[in-house]
Amino acid sequence: MRDSETTVDVAGVHQLSSALRAVVESLPGPVRQVTVRAGECSIDVSWDAPAAVTAPPPPGPVLAAPWEESPGEPDDGTLTVRSPLVGTFYRGPSPEESAFVEVGDVVEPGQQIALVEAMKLFTPITMDTRGRITAVHVADGDMVEYDQPLIDYVPVEG
Amino acid sequence: MRDSETTVDVAGVHQLSSALRAVVESLPGPVRQVTVRAGECSIDVSWDAPAAVTAPPPPGPVLAAPWEESPGEPDDGTLTVRSPLVGTFYRGPSPEESAFVEVGDVVEPGQQIALVEAMKLFTPITMDTRGRITAVHVADGDMVEYDQPLIDYVPVEG
Amino acid sequence: MFRKVLIANRGEIAVRIIRACRELGVRSVAVYSTADASSAHVELADEAVRIGPAAARRSYLNIPNVIAAALKTGAEAIHPGYGFLSEDPYFAEICAENGITFIGPPPGVMESAGDKATTRRLMADAGLPLLPGTTEPVASLDDALAATGRIGYPVVVKAVAGGGGRGIAVARSPEALRTAYRQTRAGAQAVFGDSRVYLERYLESARHIEFQLLADGFGNAVHLGERDCSVQRRHQKLIEEGPSSALDEQTRTQMGEAALRGTKSLGYCGAGTMEFLLDDDGRYWFMEMNARIQVEHPVTEAITGVDLVAEQICIAAGCRLQLGQADVQLRGHAVEVRINAEDPDRGFAPTPGTLTEFRTPGGPGVRVDSHCVPGADVSPHYDSMIAKLIVWASDRRAALDRARRALGETTVVGPGIRTTIPFHQRVLDHPAFRSGEVRTDFLPRHLGM
Amino acid sequence: MFRKVLIANRGEIAVRIIRACRELGVRSVAVYSTADASSAHVELADEAVRIGPAAARRSYLNIPNVIAAALKTGAEAIHPGYGFLSEDPYFAEICAENGITFIGPPPGVMESAGDKATTRRLMADAGLPLLPGTTEPVASLDDALAATGRIGYPVVVKAVAGGGGRGIAVARSPEALRTAYRQTRAGAQAVFGDSRVYLERYLESARHIEFQLLADGFGNAVHLGERDCSVQRRHQKLIEEGPSSALDEQTRTQMGEAALRGTKSLGYCGAGTMEFLLDDDGRYWFMEMNARIQVEHPVTEAITGVDLVAEQICIAAGCRLQLGQADVQLRGHAVEVRINAEDPDRGFAPTPGTLTEFRTPGGPGVRVDSHCVPGADVSPHYDSMIAKLIVWASDRRAALDRARRALGETTVVGPGIRTTIPFHQRVLDHPAFRSGEVRTDFLPRHLGM
């Protein structure tokens, strides 16, 4: 029982609007044009660019992953040094001293570029090959996980 | 008691939406444009790029259905008379008498072609249109379910 | 014991009954509408018979088709579950006429329990406390207005044929009573085909306490403690728990004995529930008798360890109740929440659709009763229940913590589908609910709903 | 109570512990290997730290990385689950050195319990019955052969550092003993880094009965009844149930008291299990003490209503045990079956793979503990368990019927994946199993396995 009758069925269009959204969300791929009709009411939509598909609902509790999962190697030849253990990342030998490396430095094979500390054991992080540092992903003193990207470099011919 | 009465058949659109998805998922290859309609409701979708097809989910344990689920109408013009109730199927008025129809018979609109008995009530099954009987799917005395295919026929011009 | 039982229902309760049959070694026959062709109860049963199209009136409420399905499959008994045909004495009679056992009370008892005026009279005779009201249906609006002189306001107008919170309206003034009287009569005529109504004093804020009962055909009966269903929205239960934090052992014993007395005076047989209101002075009042298995029965199963559906089937098969009152020991605390496809932010409007994701919780003390699987449709043709979550723990606080944990693990996703999960989480986190101070006005008072 | 606990494990037991933490209001930290990045324990925990590659030796057994993860996330305690680091006294010591509470017994107690020869001596002193055997490790093959003169054949050679059915070999003749002695020593050296072995009389057919124990740091201890784990394959448990149909109340009390006596003489603290063999004359013999939560702990949870993992955490946090022996009341019967990705027809060979379908049972009396969801990988790197199914009912027969019903509802499908479900169904249907006449030789005797 409704309190007031409307001459045009605005409520119906509202209801259809949510049905329309459900239709778009349920379909695979970006759609260009949709019409839904129920009795007297209908909605007709077309997108200029293909419809941006609504993001799927959040997958439950958010994983507290501080770094990109398997970011893959970009195509520009950049390589990544990853953490071989869990611990605290240090950019230099002590707070007073300067960092082992800075972005832009060219570093030699075997040269130390960072330090990871766990249980008072300090594990030096070293270069395998000659390269120019292009990014440092972790701040001094932050915790790193196993396999976490630490430092990016581009190989440089010897 | 509902807060708001549904003015348009949103439920119908929802059903149609899941039917639409099922259609898209069931078809081979990427589709470009689909329209589904049932009574007052319809949905019309077109994709910009062809829709990426999700593989249909495995059908799960087999339903113990004694007859083909929605066999669809074949292309040769055959139509099917289905049971309007649950009961026992009889081909003739009594065991002593002959069947109402046999395969090959041409039957007139309104003519009785079978009998379904439930709770000692006998429901005659009759033809809507003129047609030639092409198959009888159920044996005399077998139980039939609601909507179960009973008899096939091909319409014959009067 | 029966060899084969037909389940005249769908959804989670059909699944529940099929499970009980399987455990008892009884074959099960599902009936289903076209809309439910791929539903879990069809898949789980030993046999399945299609009985009609989606509309319940032409399928699950289609008595000739249900009976024909039972006769043709050789089912010796029919379990009606809840809703649909479960409280229809006419259906129980037809079962009897066709030599099929109806798993429930005898038709005469169902009729008495279904007629609220008759039940009130019988309960008054058995010495159960009744709220001030009319013992007979009121004959006219004038009679109703006159009766309030004795009863006082607020007053509730109830359809004689109603029950489970349907067919009732509250009036706080003579003007409101005029409207309530007319509307309830008209609604009752339309829905139940019986326009008779009676009046009862309305308690704005009370505990809804119900006792679970089991009675066999040999005069044996036990009660299995109470459930507290005070969290309601417009007289519909949303959360049920047991035991009630409002009852001490003495009150529990008294109310249980009263419930047994009332049950016996009805000549009851099978599983049933007697509903009471408990006011703030600790007085309890008989409300109604439900002659069916209830949605919230798992709460009692969790705290007593008794399988109520199996007991129903055994009693209907003519077995003697093996339980004595002393065997019924309550242990720990249980809570049930109904996970419905409804949008709590839009007045609990149903949100039917297809479940693209459906993950239920597990681990200790967690029970899920559901007919849903990923890919299942929540059909707009039937009720919107997706699952019942029942948790048990050693005490109420641990049970609430567990319920919260389990709800957090539950994933229900589908286009357009919203669920009551966020609502339940809000209630479970609410200090008033956690303190146990919950009455039937909890939602308006504490959640503004 | 702790604010944050790290779980140094994976799979269902990690999920189990995270659930307990959540119900207690404790934040949980998961650790995981690269292979488990999308595993349920990572998703359910409040935080997660990647600790190594798939190989357990470099991840779940990598003590520096586990400890670093705890220190960096501020976890105050580590729960080791079962397997992996759970019985490593060295790990418990390192936890202590780093100011982290190890949720388990003190390192010294773990060391005693882990050294089978030491435990035997302590238990003998506490008056527990021991099977004839050597109280000290045997020094040479000649000593072993000489000891059999006193012990008799068959005899079992056991690694001092073994346990849980690993590092043992049966000999029925002096020739067999030569081989068993050499092989067990070599294997124990390789696996445990400790080649010492001792001898014990071997019972071909006995009941495996184990008592669950809880002890706090204040000298309070209770036993929570027994589990019967007689259905074994090569000393590995496959089905566990409780109570045992072989114990009457008097024997249960006697064995429970003996278990408590032994527990106290070890200075035990936390949750533990004492394993006994019960021979056909009704005599029981101490076997070993397990200083961890066990796979089959839910059987005890089902019949006692006690949350063992929550109790472990509370005890480790320094809480007093709230349970007295009189509070422990056994109710009904529980059965646990392990659903493993193994092919029973090919010697229970693991069948890893991806689960395309995974549906778990529900309804009354059914508990599922699992880390699997549809799409999950059963990794070849770890054990092959997919889920534990635990059912409870009012008596043993009803519990077995329920287990059968629940297994029938369980769907595990994936390319190449086979499960132990058909095996469990065979056992549950077997007349000897149903009669309760189950001993450790059930598989060879009744199933020819």
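Every chain is named by a letter (A, B, C and D) in the order it is written, and numbering of its residues begins at 1.
Everything that follows uses one rule, which is that contacts are C-beta pairs under 8 Å (C-beta built on N, C-alpha and C of every residue); 3 or more make two chains touch, one makes a residue touch a chain.
These numbers come from a predicted model, not from an experiment.
Relative to the C-alpha centre of chain C, the farthest chain centre belongs to A.
Under half of the residue numbers at the interface between copies chain A and chain B are found on both sides, making the touching surfaces mostly different. Centre-to-centre, using mean CA coordinates, chain C is 42 Å away from chain D. Rounded to a whole number, the gap between the C-alpha centres of chain A and chain C is 49 angstrom.
Each chain gets one centre point, the mean of its Cα atoms, and the points for chain A and chain B are 50 Å apart.
Separating the CA-averaged centres of chain B and chain D is a span of 56 Å.
Multi-chain contact residues of chain A, defined as those touching 2 or more other chains: 18-19, 22-23, 26, 60-61. In chain C, the residues that touch at least two other chains are 353-354, 373-374, 408, 415-416. In the complex of the two chains, the chain C residues touching chain D come out as 15-16, 19, 22-25, 44, 298, 301, 305-307, 309, 329, 331-332, 359-360, 362-370, 373-374, 392-394, 398, 401-402, 405, 408-409. For chain B in complex with chain C, the residues that touch the partner chain are 1-4, 11, 14-15, 17-18, 21, 57, 60-61, 63-65, 69, 85-88, 118-119, 121, 143, 145-148. Those residues of chain C lying in contact with chain B across their complex are 34, 37-38, 42-43, 46-53, 59, 64-65, 67-69, 71-73, 98, 234, 346-349, 352-354, 373-375, 377, 379-381, 415-416. Contact residues on chain A toward chain B in their complex (touch as defined above): 1-2, 9, 11-13, 15-16, 18-19, 22-23, 26-41, 47, 49-50.
Taken together, the chain B residues at the contact with chain A in this complex read 4-10, 12-14, 17-18, 20-21, 24-25, 30, 40-54.
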